[in-house]
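Residue numbering begins at 1 within each chain, and the chains themselves are lettered A, B and C in the order written.
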Amino acid sequence: MDQELLLRVKELRTHFYTDAGVIKAAEGVNLEIRIGETLGVVGESGSGKSVAAMSIMRLIPMPPGKIVSGEVMFDGKDLLKASEDDLMRIRGNDIAMIFQDPMTSLNPVLTVGEQIMEAIMLHLKAGRTEAKKKAVEMLKRVGIPEAEVRIDNYPHQFSGGMRQRVMIAMALSCNPKLLIADEPTTALDVTIQAQILDLMNDLKRESGTAIMLITHDLGIVAELCQRVLVMYAGNTVEYTDVVSLFTKPMHPYTWGLLRSLPKLDVWAKQRLEPIQGHPPDLRNLPQGCNFAQRCNHKKPICEQQKPTWLEIEPGHFVSCFLYEEEGKRHD
Amino acid sequence: MSTNSDADKTLELYETSSLFLEIWDRLKRNKRAILGLFLVIFLILVALFANVIAPYDPVQIALKDSLKEPNLAHLMGTDVLGRDIFSRIIYGARASLIVGVVATSISLVIGVIIGAFSGYYGGWLDSLMMRITDIFSAFPFFLLAIAIMTFLGPSLLNIFFALGIVGWTNYARLIRGQVILVKESKYIEAARSIGAKDRRIILRHILPNALAPVIVYTALNIGGVILAEAGLSFLGLGVRPPAPSWGSMLAEGKDFIFNASWLVVWPGVAIFLTVLGYNLLGEGLRNALDPRLNLRRIK
Amino acid sequence: MIETKKTTETLLKVENLKKYFPIKKGIAVQRYVGDLKAVDGVSFEIRRGETLGLVGESGCGKSTIGRVILRLLEPSKGKVIFEGKVLNELSHEEMRQMRSQMQMIFQDSYASLNPRMRVGDIIAEPILIQGVSSRAEREKRVCKILDVVGLSPYHGARYPHEFSGGQRQRIGIARALALNPKLIICDEPVSALDLSIQAQLINLLEDLQKEYHLTYLFIAHDLSVVKHISDRVAVMYLGKIAELANSEELYKNPQHPYTIALLSAIPVPDPTVKKDRIILKGDVPSPVNPPSGCRFHTRCPKVQSICKEQDPNFRDIGNDHFVACHLV
């Protein structure tokens, strides 16, 4: 099993130092991604899912940010200890990234072709003509019609969905081992989202790229991912395979999330069961479990101590005192 | 969620505070703004009480005291005609302040009226007014002021007019842009949807949100106008001698810069501190006037 | 699911509503080059006490409809009739007074709250405009409304930026409620919120509806939210309504190919379900030059030749189910 492991993040902590206090944006992130697997990272805004991804890439702006502690083992290397040169090789080559808003991540004054070719020439050490051939091929692969013509268009000449296709083409042009996709379809309409999800599924099957898919949509997780990581207020609270997450979720926050979901296949008019209250202020986290304030199952200990990250069942990790006695320590 | 003591504090604030107090509350946390405010208040006090503070008559010629180095009798020395520089600097503050405030007010009034009409009504009125603004701003600011002053001749009244007339274009542009921006915001739509009348929308929703940059710009601009006045006076186009002005003091002292450097150093320091004061205050106001800015800095 | 107070009495009726935005080009002299047909002939009614959901993708004109109903935008053609009064024929002053009966909740709660006003003043403003001049009376009502939407009186002293997204949306709801309106147009009220907060607000909206006998026009792009909250749902595509039916009927028995595709495109939060997804080809065409005939024909998987030539009628196929498709 371990030789399949592509990425392992352990106890990652990233803080931001601002005038208004220290924001503990990631405060104990643990996750594993195996080769060719898709990991869904779910959580609400401010749960630290994007910060975790940026920390893995070491793209956190410093200052005000700082990776305080942790370990990010990617393909046998600790990225947190790697030199800036090594990182440059890894970014784009081994790990690529796509974002929610493709317009802001594309340079508006360069044609999409030039931008894809730049990545190819840089990372695959290809010549111009070769790079252009490859770029056209990539655009075709992501389903852009008339790729030979469109390659000379500027980003604003593409629709939102097409732009996201361009981003995917760019990200996949160097055959990365890991693709980090941060809310790639959130800005898109449902029918366009369906196109992109379909495309990502196809590409994953063909290329065997592992994907870390950050999303707030549990539907997307269910359809695309093999494993799921649930985050809350900077912590990873649950990590398991996708079927277990939906059939036997363990963390009270996960229960709450699943219950607040409006369901399409339920006909009787029923009330949603939201999680009461609000996430804690990341500058002023509680002494105990970050979720304790909103948790219906809290015990006295939950407000005094932080729960540990435990493997309750093989491959099912939870950070919650409800399982502390029976769980075994994960080291 | 907030704690109870926090709640009590805010409730108290709600009952006792005015908008002014809140702005002050935010301003006083900014050290540089407080330094600016201190400099500006100091300048105002000096200008107001010039006759009390100044040990000598600023225009009294005493040729036997010509070009005295700073000493106990003349803290900043004397100029070529034996006038006390310290006293002249103090009276110069009065001229600078009056020019700064009056000329800026003229610019402000013209600019706000033109800018607000342009922005609010738009259409051909906007096009016409903005073209006029363009024509005015096509001339270099200082050159236009020089031209006007040359034409009208040096006097305090003419300086007001010259600096006021050349300065309004920036206000007009600023206000117009702000009004257009604010007019399109969702909370204006929300105000319309609850049935608010135009007058209420303009006074309660558009203006408070449009004026902040203007207040900031005004503070910065007073510094700029004072500098311009010094420039005009330096060229002999400003305050009519022998009335003291920092600019004309610089001009008179420039020939002695190597043998009697105090002639230029003190007016230079005075101009520098004044402009610095207004700039720091302006910048501080910018932060204090926007309740969102503190939040934005965190993100 | 049918509650007693829901009637078939019409509260608001929209007849053949059109809203075109002229497109002008040129720098010095503006030249008219065409229309953006945001809303192009839409008719529907909202019944007293119900929630009518209005779904569609971005640019389909759903938000424009809400604004035209409130006359925040003037319609290019057509009528909006509220309790028997034709709103477009009212004078500005009459319309201004009418606004107390119909309110709006905006998507972007941050942008729709004046950043320089305290929350208490924001909620008090409509009450003041309505003519309650006593400050004490206004404050009493503000406190009451704050409580109703789940906030505390001390929140009234704060500025909008001091609140989280969910709380801000509660403030927006409070402002809308302040005038005891009959109709509230909810323009994507929960789209920007996180799941757990979204559920809180949906419940709040449902509670308020029961307590104050409100009628909602619920505009959203999220079909599961719309299905949850609506009694009837209208699906819009490029400025027209494609299908309108009772919520359960629409989701169980969709007729229009667009509705079918839209429903199939929603990712289901259940990994054991593998469904056949209908992936629509291409993008939504521009509303400046909408396709001839049926507007959906360029992407429709079942397109026929008649679809390219004739615009289908929006007709009743029984069971209060309306569809605009030649094939039904």
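Note that a contact is a pair of C-beta atoms (placed from the backbone, for glycine too) under 8 Å apart; a residue touches a chain by one contact, two chains touch by 3 or more.
Chain identities (UniProt): A, C = Oligopeptide transport system ATP-binding protein; B = Peptide/nickel transport system permease protein.
Keep in mind it's a predicted model, so treat the numbers as computed, not measured.
*Asks:* Sort the other chains by how far their Cα centres are from that of chain A and give me the top one.
*Replies:* B
*Asks:* Give me the two chains with the most inter-chain contact pairs.
*Replies:* Chain pair with the maximum contact count: A-C.
*Asks:* Rounded to the nearest whole Å, what is the centre-to-centre distance of chain A and chain B, using the mean of the C-alpha atoms as each centre?
*Replies:* 51
*Asks:* If you average the CA atoms of chain A and of chain C, how many Å lie between those two points?
*Replies:* About 32 Å, centre to centre.
*Asks:* Taking the mean of the CA coordinates per chain, how far is chain B from chain C in Å?
*Replies:* Once rounded, the distance between the two centres reads 49 Å.
*Asks:* Chain A: which residues touch two or more other chains?
*Replies:* Each of 278 in chain A touches at least two other chains.
*Asks:* Chain C: which residues touch two or more other chains?
*Replies:* none
*Asks:* Going by the contact rule set out above, which residues of chain A touch chain C in the complex?
*Replies:* Listed in rising order, the residues are 44-45, 159, 161-162, 189-195, 197-198, 216-224, 242-243, 245-247, 256-265, 267-269, 271-276, 278.
*Asks:* Using the touch definition from the top, list the residues of chain B that touch chain C in their complex.
*Replies:* 7-8, 10-11, 13-14, 185-187, 189-197, 200, 204-205, 208-209, 291-292, 295
*Asks:* Under the definition above, what is the set of chain C residues touching chain A in their complex?
*Replies:* Where chain C meets chain A, its residues are 1, 57-58, 164-167, 194-200, 202-203, 206, 221, 223-225, 227-229, 248, 251-252, 261-273, 277, 279-280, 283-284.
*Asks:* Give the list of chain C residues in touch with chain B in this complex.
*Replies:* 67, 70, 72, 96-97, 99-100, 103-104, 106, 108, 111-118, 120, 125-126, 129-130, 152-154, 156-159, 161, 172, 175, 178-179
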